[in-house]
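So, here's a batch of structures to check.
Consider the two complexes below, in which chain A is the common component and chain B and chain C are the respective partners.
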Partner chain A sequence: MAFEALISSILLWFGIYSILSLSLNVEYGYGGIPNFGKALAVLVGAFTAGAVVNRILIAMYSIEGTTITQRSGFMKSTVDSIIASNPAYGIGLLVFTLLLAGLIGAVIGALYILPSAKLESDYLAITLLAIAEIMFMISYYNTDLIGGYYGAPVPDVLAFIPGELREWAFVALILFFTLLTYLFLERTLNSPYGRLLRAMREDAVALQFSGKDIMWVRIKTLAFSSAIASMTGVLYSFYAGNVVGIVNLFARVNWTFFPFLMVLLGGMSNNRGVLAGVFSFVVIWRLLDGYKHEIADLLNLPFDVNWLQYIIFGALMIAILYYKPEGLVKEKPIETEPIKELKSKHSEKA
Partner chain B sequence: MGVLEGAVTYANLLTLLAIGLTLTYITTSVPNFAQGSFAIFSSYIAYIVYKLFNFSPYFAAPFAILFGGFIGVVTYLVVLKPLIKREASILILMIATLAWDLILLGMIGIFSESLSKYFGAYISRFIFPYYLDFKIAGIQGIFFSSTLAIALSLGFLMFLLYKTKFGIAMRASMENPSLAEIMGINVETTRLFSWFLSGAFAGLAGALLPFKQEIVQATGQIIIVSIFAASIVGGLSSIYGAILGGYLVGLSESLITFWLSKIFGTSVLVYSKAVSLAILVVTLLIIPGGLVTIKWRRYLWRSRR
Partner chain C sequence: MILQTFNLSKFFEGLRALDGVSISVPREALTLIIGPNGSGKTTFINTITGFYRADEGRVEYEGRDITNLPPHRVFREGIVRTFQIPRPFKKLTVLENMLMPLNNPGEHIRNAFVKKWVDFESESVEKAYDILEFLNISHLTFEKSETLSGGQLRLLEIGKALMTDAKLIVMDEPLAGVAPALAHEILRKIKELCETGKTFLIVEHRLDIILDYADRVYVMGNGKVIAEGGKEVIEKPEVVEVYLGA
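This part shows the complex of A and B:
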């Protein structure tokens, strides 16, 4: 594997997983909501791109075909050639899909957390996992919905960029969205809302006594974070050119377990920590993946290195939980204006 | 294999797995996401033993049981006990079992692929073909052997829990660990033993499962959702609940999808797991404690008046 391709894949996955992990951090790190069905929000993104926007485009260009997979393929070649000559169309399509995914993600996220009115802790986690699994099962086996195991091609929104630069253009695009998400969440979570979430994580009952409607906070939080996470699904689908990377039966590992690993590795309720966690994970992951044939040849392994990956990441997770439960970067108290004032007075005295 | 026959066989095995999950939930209060992989790893062990001795696959069952028990003990000692000592929350323990499940999946993959190379045959995906099984009155032997397996396991469990001193100690430490400890019971031993039993039950189920369905490396990840559904429908903290839930989910998973397939065509057959997941979600929302927490007697009494 060429070195350049390795770097671009590290940066790309860093961007994608950063957005996803930052949104998980809002739910789990700050809010304490055990969202074991995180993959569902990513599926919503893939669904928006592959099932909703694809159908709109197919209807617009009245494309004929037998299955959604086939029609999407024909539509992709038509739309790609339009985007190649008209960059604004591609950017417009991207922005439209992202906004639509955010909207659908917010609605689904709000509905999806409703069981938390009756359940909490492990029961809630199992329920959320089960809901996400059902949705994945239906979208995987039902080939009429979003192509199922055949997948559904999606247009290349950056078709106007020449082939050899496409990879880097996508890296730049995704990193741009990562930066936006980071800055946005940094501001949001340092507002009273972030403190509200932490309070809910620490003691939900006490929060109810101070007159907050916890259910409403949870609904808002899930709507907000799922909207962000579904954008990950859109960005990844557009990058891969197909939704098949999301709609598969490995979703539980790729889109739920790995984000949890990154959040816990980096440090909960701490955006900078999460970025550090994502970066360390992605570097190890891409190196193992990029050099897997070399590793297998070198050590003369009689099996696929992917299996070794599972063991390494599983063991890494347990090691973090055991040795470094607070993660790479510890959670810090939120610096509100009064605290800042107090601190500056303190330093003046000293 | 007839539909009902297959459904009962599957329900027997699912119940065996659900009892194991419930057992460790009662003693350690961890919902164990690796239960499915316990069984599948044991299936591979059974298959290897069968390949080595080329004898009936039933002969391999004891090895699978012991191996399952061994993984159970390792899970508790290596993964959970250190975390419990650090007073980790249930969610953290759950994440740890998810991670452990991933490790087991990796090990299953390495084990099966290395042995494929060693035997010079493809063993990553296998099934015990029907001619290896015995037949009584035209019914496949697995129907009887799985029924026998669940009967023996339950009989053993009930004898252990209600007729032996160790069983009383186990029940005491399930009910109230700190009180049991004061009475001089070593709660650690009972916990460890419950993990052994849970693993052994999973191992037994794993040894018989290849008669019923094809085994691939990720089968554990797929079957775990049914196990959870079975345990929770009955009530996660009751062994009777696991038996009830195991049969309810096991039978409905096969039979409901079969009936649906008669109405909507065979394309719905792939959604069998969605049936059990839907049952799971509905149960959690309506009766989170499971079927055993419903006071049936009260309803009966009311209707009689």
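This part shows the complex of A and C:
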């Protein structure tokens, strides 16, 4: 693998997974909501790009075709050629799709936890996993909805950038959204809301006796984090040019298991820790993927080399939970400005 | 009366843990519930605060029917409770625990981002620190609550209850594990708070310490109220009998 391609791949996936893992950190790291159906929010983003926005564009340009996959392909050719000469169209389309995905993600996130918001964490986790799996099965096997296993091509929102620079332009775009997400969440969570979520994670029952409606907090939190996570689905679909990378049967590994591993590796309820976890994971993952044949030859593996990363990451998850449950960066108390002031007075007094 | 229960009953698989309990809690006073283990005291507290659903009977607070409201609604009505076994938010500091019962505007996502909570937070932090100083645990303000001893956790529970504007504070064995001198200090403060409009309903075993502070005493046995009155109620034969198991 060329060095340049390896670096761009690491940065791209660092950006994609950072947004997703930061949003998972809101619900799981801070709030203790074991969202084993995290992939659903990413699917919502892909669905917004591939099923909703595609249909709007197909209608706008009166594209004919027999299937959504075919119509989307024809539409992509038309729209890409417009974007190539009109960058504002591409940027506008990206922003519109992200906002729409955020809106749909928030609604789906709230509805998705509604039936199970009152359950204890184990049952909640299973219910969320089951709901997400059902949605993936429908999306994968129903080819009319979003192309199913054929997928649906989506426009190239950066079609105005020459081919050789497109990869790096996408990397920059995704890293820009990663930075925005990080700054936004740092500000939003270093607050009484972040404290409320951490208290809910510690003891949801006791928190009810402090006047907090746990069900409502969970619904709002899932809506909030799903809105952010759905951006991942949009950005990745636009990068890949197709939604097929999300609407597939390995979704639960790529879009749920990996983010959980990254949050646990980095450290829960700690955004910097999560970024450290994502970066460490992505570097290992991309190196394993990029040099898998060399590794296979070296180790003389008795099984398909493609399974190696799953074995390693499964073992890594167990090792973290067993030996370093606090992750790479330890959780710290939330210190708002008034708390910092008191702390400084308190230490002077002492 | 600030709180009244009417024939309140709670069954567990046929066991009558509460059996037609009717209690009246006078305003701005300390009402004490005593009784041997298994007499239904904690079940009574759990039922009036929404932790358990009542199977029969009614709970009225300030004349409003609050029977079977969920715990957060009971809290918002103006009733706060502490637990027999303290339930702190372990990874949170003592100060963070103290701030949890408040309805901070920053707990809403939109306010959290635009920082519409800093003034409220400043006042709350000061209030919390004052209470921690009163309870003699201000040196633990920035410690994680999981590092506190049993007695310190009880003080934290009391501190959390004092943080709220609740009119009725329900406490389940607040003096367990607390040194006698501090226990008396806490009870004196409770009496002071009664004079400022607070009402206390307390379940407690340490009668030697608390009895002198009680305005009204209920004695429970086998899920029923077996005696009520002033502190002299403990001398009644039926009370002695239930305690001695004769």
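By our rule, the second predicted complex is superposed on the first by the 331 of 350 C-alpha atoms of A that agree within 3 Å, B and C clash if a C-alpha of one lies under 4 Å from a C-alpha of the other, contacts with A are read in each partner's own complex, and residues count from 1 in each chain.
FYI, a contact is a pair of C-beta atoms (placed from the backbone, for glycine too) under 8 Å apart; a residue touches a chain by one contact, two chains touch by 3 or more.
Please read all numbers here as calculations on a predicted model, not as lab measurements.
By the touch criterion defined above, A:K212 lies against chain C but remains apart from chain B after alignment on the C-alpha atoms of chain A. In the superposition on chain A, A:I311 makes contact with chain B only, while chain C stays out of contact range. Shared-chain residue A:L264: touches chain B; no touch with chain C.
Within the superposed three-chain model, A:E331 lies in touch with chain C and out of touch with chain B [touch as defined at top]. In the overlay built on the shared chain, the residue A:P192 is in contact with chain C alone; chain B does not reach it. Shared contact residues of chain A, touching chain B in one structure and chain C in the other, are absent. Against chain B, the residues of chain A that register as touching in their complex are 34, 36, 115, 118-119, 121-123, 125-127, 130-131, 133-134, 137-138, 141, 249, 252-253, 257, 260-261, 264, 302-304, 306-315, 317-318, 321-322, 325. Here chain B touches chain A in the complex through residues 31, 79, 82-83, 86, 88-92, 94-96, 98-103, 105-107, 109-110, 113-114, 117-118, 218, 221-222, 225, 228-229, 232, 270-271, 273-274, 277-278, 280-281, 284-285, 288, going by the rule given at the top.
Those residues of chain C that touch chain A in the shared complex are 49-51, 70-72, 75-76, 80-81, 83, 87-93, 95-97, 99-101, 103-109, 111-113, 115, 117-118, 121-122, 124-126, 129, 138-139, 141-142, 144, 160, 164.
Chain A contributes residues 184, 187-189, 191-196, 198-199, 202-203, 205-214, 220, 224, 331, 333-334, 336-339, 341-343, 346, 350 to its touches with chain C in the complex.
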